[in-house]
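Chain lettering (A, B and C) follows the sequence in which the chains are written, and residue indices restart at 1 in each chain.
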Amino acid sequence: MQKSYRKYAVFFILPTFIAFIIAFLVPFLFGIYLSFTKFTTVTNTQWVGWDNYVRAFTANRDFTHALGVTAAFTVVSVISVNLLAFGLALLLTRGIRGTNLFRTVFFMPNLIGGIVLGYIWQLMINGLLLRAGVDITYDPKYGFWGLVVLMNWQMIGYMMIIYIAGLQNLPGDVLEAAEIDGASPWQKLRHVTIPMVMPSITICTFLTLTNSFKLFDQNFALTAGAPMKKTAMLALDIYNTFYGRVGDEGVGQAKAVVFFLMVAAIAFVQLWTTRSREVEQ
Amino acid sequence: MKKRIVPLLAFCLALTLAGCGGSGGSSGASAGSAVAGKKEGSIYYLNFKPEVADVYQKVAAAYTEATGVELRVVTAASGTYEQTLKSEMAKSDAPTLFQINGPLGYLNWQDYCADLSDTQLYQHLNDPSLAVTSKDGVYGIPYVVEGYGILYNEAILRKYFAMTGAKAASVDEINNFEKLQEVVEDMTAKKEQLGIDGVFASTSLKPGEDWRWQTHLANIPLSYEWSRSNVDLTGDATREIAFFYSENYKKIFDLYLNNSTVDRKLLGTRQVMDSMAEFALGRCAMVQNGNWAWNDIKGVDGNTVGEEDVKFLPVYTGMDGEENQGLCIGTENFFCINAKASENDQKLAADFIYWLFSSDTGKKLVKEDLGFIAPFDTFSADEYPEDPLAREVADWMNKEGIQNIPWNFTLFPGQTFKDHFGGALLQYAQGNMEWADVVTQVVDDWKTESANRTV
Amino acid sequence: MKQKKKSWRSTLLVVFLTILAVFFLAPVFLVLMNSFKGQFYISDAPFALPDANTFVGLKNYWNGIQKVGFFSAFGYSLFITVCSVAAIVLFCAMTAWYLVRVKTRMANGLYYLFVFSMVVPFQMVMFTMSKIANLLRLDHPVGIILLYLGFGSGLSVFLYSGFIKGIPLDVEEAATIDGCRPLQTFFLVVFPILKPTAITVAILNAMWIWNDYLLPYLVIGNRYRTIPIAVQYLQGGYGSRDMGALMATLILAIIPIVVFYLACQKYIIKGVMAGAVKG
């Protein structure tokens, strides 16, 4: 059977694979190469070794600062999004009236694109801050927490749906048994519900983790880094380095490689956790 | 559910086909012209001036109608011209017509600048010394002369001068910073009676919207710094500055901030257009900007400012002898033709710019829609744009005993420097940065960024 | 007694959730309200209702549509999204099926290459990809479909493969015995079975491509504007920037999403769930 398939490889694989080579493989490998060169266009490259990587960290503090902002943002978002989404999922699996309507409303922001979301919230946040006589650029804290609120608004619905799926799969008899044994609601939650929806928790944690870490559009539209790049996250900093000053493209590419390695590390941890969890089960 | 999704998909598909027809039409047209391009060619102009982005679409349509040659105009967002030009030049379909901001810009783009000494437009340049030249060649043709200063609404000032206890009786008395400050501060005290929210329009400091301060205003103290110590502007001496007159900059900047329609803590989201609207709607009496702003003022719905009431005042900063200072007049707009484009396309680009500044249709567009003061002898003295600001600039150019300030900001070391400067100004306005730190940053940044200067 | 207490509690819960829902919708309504106000009354008093002074009717919508060419932006967005999603759904299914069924070392390596591409952030390839796209003349709404197929193939191949691994071979073997060639087997037997996953793949990719900003901006942004590019254009320091038009354009950008969501809600939520569980 397999052998008879082989000659069809051209037909089955080629369309995707050609696109994959053009859109991913070549740009990726070429990108790694370019991170070791100085270039303004792709045709006039000049090998500079690790120089771009050194400059990424030492030429100014933008990159390390962006790393700090991104890390703080990711931690805050992961915790807040998951707590709120889980809470909502608990409330919306009790069979109360209007459950479907609420789910619809809470999920909707997730479908709106980051650029549009950014401007929607810019109006909202500046409107609120106007009462205090300032705007979002006054203090980097405003931009940071604005982004956190935006992220929650966008992601809660998504995560809620996944938690609901997990909660609906709970076997009812286990909870009933716990109730008969006289467990309080809190005990039921801690000792029965949470352990049983652990897979959903892992999924949601990693989804929020990677999404927060790679955030670009929302950051770009809401603050664009103002004031003075203090609210710029990694993806935005890379973009600014690339398309800012002529001559810094190599540094931008080097930052992108470092960024990629960090994202890959997160993904690896995810894979490892999922694997070990599956083994336990 | 299935029932619902089928018509929806059908609807989407129909829309797509419709969209496809539309987009297919236009991409088909451009693809078609790309093929035909071998024969007839086309022009791709990368425009620097965002305030006339819409006008250029009109120009393109008029040119294609007149000559049948395809003209495509793309506009870079404000503060992104260098970066857009860089990425567009690297493309296979690069701009054939672009612009540089002066000799420093030429150094960056010399490989791409064709010699324009044989073009018709150059033959008509009023003052050939204004062109960007190198050795025997001409590489950039200035196409517009512009001026900036403090715009004021004379109707509001008249109202003020008529009040008892006014600090001046007419605008003519305001010819130095002390007087300006006195008048402005008194007007602020009486703003309710004058019916304004503040004397100056908001100081737009949103990133990308801060060029009136980090570029135009900064030009004044730096021009004084260079002219008073006789610095050779073509040499290496401009790689470092002392920002000697930074206190003068602070004086006028503080005056703008403290007598404005908008609180100084709220400036980080304000854009130039907001300021111009405030001025057009009569909510303020003054705003720093140039004659190109007429399009913006005119375009505001419900604008109350009369055409005859918009006038210019020089930007006074408290320098000795500034009574004779005029507006800042010059250009940072030089046409260049891409030397790497095909001969035919280069010729088409040269034909277009000549058409724009010599044909009747072109001149009408320049005069009425673009509002350019064109430095070519194809325009007679009575063919200046009709708009009041352009006429004001022309008047100031010819005033006796007045020393106008040249546009030396073409020597500023790049967009990164300007962006940092703008960021620091915002922090200063919000009270989050000391002025002394702003000065240190400007001086240090100037040096670092000049080190990146290619030549 | 207990019944009563319970219903009292659930009423309280409904009230709480309603308040929360209102908070969720508030930003959108704020934009909607401001889209009817004159452009200079927005930043200064965003929470003020439009009044006789500030109400401008549909003028902002008209301005927004004209300034950014909204309908052509909508057309490009729709064209690019629908065609790219169709290409991804079909070609990635074929690739995934082939890679799962033909267990050569090559196929295996290729599979891992696809999976690997999932963890690479766009910033890593944005510069080189847009250069290559330009070099190969893919910088138009048709060419960009190929880029989406390539960059989106990782997740899609991965999702399909997960599903295909669970399909028993019997059906396909039976088809082969009946004289079906691989192509026929795939289109007549396998593809219909893949439908649930195809929906998931379609939904996830449509959400991504419709809202994507950076890729189309870098590749085709100077010539063709999709909706996110059009929205950004209004903010990006052009002379035509206008707060009222921005508000109107934001609302126009949201309307198709809401319509699509309400029409296909079940599929979307199912698709998202399935995608998450496997991803």
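To be clear about the criterion, a contact is a pair of C-beta atoms (placed from the backbone, for glycine too) under 8 Å apart; a residue touches a chain by one contact, two chains touch by 3 or more.
Here the structure is a predicted model, which means the values were calculated and not measured.
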item	value
Pair with more cross-chain C-beta pairs in contact, given A-C and B-C	A-C
Furthest chain, CA centroid comparison against chain A	B
Computed distance of Cα centres, chain C from chain B, in Å	38
Between chain A and chain C, centroid-to-centroid distance (C-alpha), Å	16
Residues of chain B touching at least two other chains	90, 269
Touching two or more other chains - residue numbers and ranges from chain A	41-42, 126, 130
Where chain C touches two or more other chains, by residue	43, 131, 260
Residues of chain C touching chain B in the complex	38-40, 43, 67, 72, 74-76, 78-79, 82-83, 131, 134-135, 137, 139-142, 222-224, 236-242, 260, 263-264, 266-267
Chain B residues within the chain A interface of the complex	82-83, 86-87, 89-90, 108, 206-207, 263, 265-269, 414-416, 420, 423-424, 426-427, 430, 432, 452
Interfacial residue positions of chain A with respect to chain C in the complex	1-2, 4-6, 8-9, 11-13, 15-28, 30-31, 34, 41-42, 88, 91-92, 94, 96-98, 101-116, 119-121, 123-124, 126-127, 130, 153, 158, 161-162, 165, 203-204, 207, 214, 216-217, 220-221, 235, 238-239, 242, 249, 252-253, 256-257, 259-260, 263-264, 267
Complex interface listing, chain B residues touching chain C	1, 4-5, 8, 12-13, 15-16, 18-20, 22-23, 27, 30-31, 49-54, 74-75, 77-80, 84, 88, 90-93, 208-209, 269-271, 273-274, 277-278, 281, 295-296, 300-302
Residue numbers on chain C that touch chain A, as the complex places them	10, 13-14, 17-18, 20-21, 24-28, 30-31, 34, 42-44, 46-47, 87, 91-92, 94-95, 97-99, 101-104, 110, 113-114, 117-129, 131-133, 136, 138, 146-151, 153-154, 157, 173, 176, 182-183, 186, 207, 210-214, 227-228, 231-232, 235, 246-247, 250, 253-254, 257-258, 260-262, 265, 268-269, 272-273, 276-277, 279
